[in-house]
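Each of the two complexes below includes chain A, the first together with chain B, the second together with chain C.
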Partner chain A sequence: MVKNKGKISVRQALTLFAILTITPTVRFAASSTALIAKQAAWLVPTVTAVFLFLMLYILNILLQGYKNKSFTEMIYDITSKFWGNLIIFLYLVWITILIAFYLRFYSERLVTSIYPNVKIDIFTISMLILIGFIIRNGIVVIARMGEISFILISIVILVLMIFMIPTIKINNLLPISYLDIMPTLKASFSGAALFYVIYLFFFAHEFTHQEEFFKYGKLTLLFIWLINTVIILASIGNLGHAIISRSPLSFLIAVKQVTLLGVVSGFESILVATWIISDFIMILVLTYSVLNIIKSLFKLSSYNSFINIFLVFLFFISWILANNVFELQTLSVDVVVSGNIIMQFILPIIIVVIALIRKKINIKTN
Partner chain B sequence: MIRTITLTLFVFILYVATGLETLVGGRMDISDAFYIATVGLDKEDDEIQMTIVTKQYSPKEETSQIAKQDKYFVSVGRDVFEAARNFNSFMDKETFWGHVSYILVSENLAQKDIDSALDFFVRDHEHKLTSNVLVIKDARAEEAIKLVTDSGEDITTKLKVLSKGVGALSISSELPLIDAFNKINNKYCSCYIPTLKIVEDQKDEPEEETKEASNTENEKTDEKTKRLVLEGYVFFDQDDAKLLCSIEGGTARGFNFIINKIKSGVIVVKDPDGEYVNLEIIDSKTEIIPKIEDDKITVKLKTKMNSNISEIHGEVDIFKADIIEGLVNQQNDIIKAEMQSVIGLVKEYNSDLFDLSSVINHKYPKKWDKIKDNWREVFKDIKFEIEVESKINRTYSIKKPALSREKEKK
Partner chain C sequence: MLKYIMIIGAISIYEIYMMVKKRQMKDFNAFLIFVLIALLASYIHVHDPFDASLSELLLKLVKSEYFKGG
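And then the complex of A and B:
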């Protein structure tokens, strides 16, 4: 017990990863896939899951080869000091941009969906204050919050789905033919951009039971596939791909349609509340990753003194990113998806290949 | 702990220092809001006139007197949003749009601007997408609202009752806002919206001696002879969303047969003596079956329908195989004629009124991919065929007509 004090299990870490995918999934999974794959968009998560499974396998090789080591330690060991610093610095910059991006999107979403006349600073600052408080308690508290949030979010999405079933029109989800193969493959690119698990590797030294990574990873993938599929099915099945591909908050407008017994409506407020929880966990976890990178990069014993500075820095970056929500949406489609693919797939694969060539790890370790 | 207390104090001081201003606006007291239930849109020269009917919720709402206090307000603006905002310049309460159940658009406005008339209601965050859309035919939306509200009735309740009852005749239906918007967005098929019209009740010509006496009374009740009727549809062009045509009566029911929106209805046929037999539609299902051969498209509309005998006027015992068959044939012909009148419109306007494009896309996705860009050209060469298979299944509590026994004695 003492040995594992201050650490979280791999299962808890993967639960956090599952929550990390909720926010972008609810926001843009349906609209981005519907834009390319149209009525066949609900098949995209299945194609994406195949890629993610392969990536999970590759990351498992890395993790099993470097037990109780963070991703920064792995990079330093696999590459040289210069390249290591460069790669870690790239991750530092990218994850910081990503947090600022999600911070801004969280505030913009509240203003777009519920509070149009409120300054977004209020939401941004209140989120940052909360993050500043919680993050000092360490990863164990974050993981426990994640577990509770995971159950809550899953129940909400499941209940909303049940309410939406009667209004799903099968015609909106068909036809499926060989003409949909290429669009589905293309659309799976944006879905793969949600594979944030590598960002959690920056505190992999705080994981226990690392040998169970692949086992729980598969279960997490199953959850992500299910959530993605049902969200796209419900959105397109209800409103058709034409409307969904045009909406910046596609799942939200699908939920807005839900009425229970023809009387009770307004379920979108429950979705927005759930969304805020997943936003909070996402920003919290990614901030924790960045602080760990800073700690490793600058060889610090603790990152506590950096927390406030970093959060203030995040506030300004979130403002600099875009002038308005339209720029933010363009940034999401044109930059963030591609950036995530590079940082989550291409760079880790290169690192693993180098590690295999330099015999730092081997496939048998798995 | 010290840090928590310090921060809480700091936030509290900040809050007090701002004069206890509400940081997050948008909060509205129930008693300070007008809940809009029905919206009417008219074209007023180059501007939009908006009429709103509100229902005030309060603890006293349960009393019938308060419940009848529906109010309507009129505002004008360059567009729908401006007209909506202009209410705030004279209304003594804030408007809340989240409870809008019906959006009534006048035919005049719908002629050219149905897309922009509905845009605000789909785009704005406060609106629900399940509100029903109706086009007021040959009248202004304000007139329809005034007609009902001035008579002390609640227009929203009235429209709900009409919508519920429309299934008994199946000559119209309900269309949620999001479905209307989805259809307007679809460039391959025409958008339809149910219509509401104001009709004047026919009055019998009074006897000479009573004419004079009733004159004064008639003048007083003249306004009450008008009523709202939910009947028929208007169609909008698939290219530019301009009003294309309207249908009602049998044609509207024919359209409902094709799009499978038949709930019930009455079909009147004649027995061998020429007396009426009323049939009640129980259910109906139409299959749209496209066939592509040598690049030529033929579409078969195959309708299967069941009915029951609900009223017999004559004396003949109609429950014999040959007579029933005759009634079924008449029933088939009536349904076929109603559906054929819709096909006539389809050909006349060369417009896909019942979303045939979607049926072809589902059955022949590969072929559809090739013809979709040229759909309207392809559409005009499509041949339609109607096939109706109906059944008369039963009658209810009694079988033979009332007078048939006496006839047997003779």
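And then the complex of A and C:
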């Protein structure tokens, strides 16, 4: 037990990963898939799940080959020092941009959906102060918060789905034919961009029971597939693909249509509350990853001194990132999806292939 | 800009004090880099020297249809 003090299990890490996918799924899964795959968009998560399963297998090879080591240590061991520094620096820049992106989106969403006359700074600063306090307590506290949030978020989405069932129109989801195969495959890229598990590998040295990664990874994939399918199904089934593809907060609009017994409404506020929790966990976990990267890259004795200054930097970068929410949405579709595919799929696959060629890891050990 | 310099300065003084107290002065150089980056970010935020946001620069780089309008 003493050996595992300050560490989290792989199951807890994958729970954090599951929460990380909820914010982007609720925000853009329905609209981005409906734009390309139209009424067949609800089939996209199934195709995406196949890609993610293969990626999970590849990452499992890496994790089993380097037990109790972080992703930075793996990169340094597999590549040279120069290339290792370059790759880790790229991850540092990209994850920082991602955090700023989600921080700004979180504040913009609150101003757009509930508090139209409130200054956006208030939400950004309050989130950063909260993160500054919690992140010092380490990954164990974050993981426990994640577990509680996971249950809460799952129950809320499940209840909302049950309420939304009567409003789903089958005509909006059909017909499906062979002509939908290519658009569905094309749309699956945007779903695959949510595979944030590699960013958690930057603190993989704090995982225990790493041999269970594939087992719990499959269960997490099942959860993500279910949440994605249900959200897209409910959104498109409710309002049709034409409206959903043009809506910036598509699932929120679909939830706004829900009424219980024709009397009780306003369920979107529950969704927004859940969304904030998910945003908070996401920014917290990604910031923790970045701090671990900084620690490895600059060979620091501790990252504690860097928390406040990094959060101040995040505040400025979230403002520099975009002038308005329309820029953020375009950035999300045109840059963030492609960037995530490169950082989450292409780079890790290259690293695993190099590791296999250099016989640093072995498939048979899995 | 002055308020941002004051905030960054206050944080820096506190963190340097903590570094000295915990005998972690070997992290000082890296910390200084981050302070300079934060100051640079605050300058860009206040004065907007590029007359464009980071999104605009990135979207121009990938030749996005965002600027085509319509």
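Remarks
Following the convention adopted for this analysis, the second predicted complex is superposed on the first by the 366 of 366 C-alpha atoms of A that agree within 3 Å, B and C clash if a C-alpha of one lies under 4 Å from a C-alpha of the other, contacts with A are read in each partner's own complex, and residues count from 1 in each chain.
In this section, contacts are C-beta pairs under 8 Å (C-beta built on N, C-alpha and C of every residue); 3 or more make two chains touch, one makes a residue touch a chain.
Fair warning: this is a prediction, and the values are worked out from it, not measured in the lab.
In this superposed model built on chain A, chain B and chain C occupy separate space and fit side by side. The three-chain arrangement built by superposing both structures on chain A places chain B and chain C 110° apart around the Cα centre of chain A, to the nearest 10. In the superposed model, A:Ser302 makes contact with chain C only, not with chain B.
When both complexes are overlaid on chain A, the residue A:Leu321 reaches chain C alone and has no touch with chain B. By the touch criterion defined above, A:Val93 reaches neither chain B nor chain C.
Of the two partner chains placed by superposition, only chain C is touched by A:Val312; chain B is not. In the superposition on chain A, A:Ala242 makes contact with chain B only, not with chain C. In the superposition on chain A, contact of A:Pro175 is made with chain B only, not with chain C. The overlay of the two complexes leaves chain B and chain C separated by a minimum Cα distance of 12 Å.
The intersection of chain A residues touching chain B with those touching chain C, taken from the two complexes, is empty. Chain A makes touch with chain B in their complex at residues 112-118, 122, 129, 133, 171, 174-175, 177, 179, 239-240, 242-243, 246, 253, 256-257, 259, 265-266. Partner chain A is touched in their complex by these residues of chain B: 4, 7, 23-26, 98, 125, 128-130, 176, 178, 181-182, 185-186, 358, 361-363, 365-366, 369. Listing the residues of chain C that touch chain A in their complex gives 4, 7-8, 11-12, 14-15, 18-19, 22, 24, 26-27, 30-31, 34-35, 37-38, 41-42, 44-45, 53-56, 58-59, 62, 64, 66.
Looking at the complex, you find that chain A touches chain C at residues 97, 294, 298, 300-302, 304-306, 308-310, 312-313, 316-317, 319-323, 326-328, 330-331, 334-335, 338.
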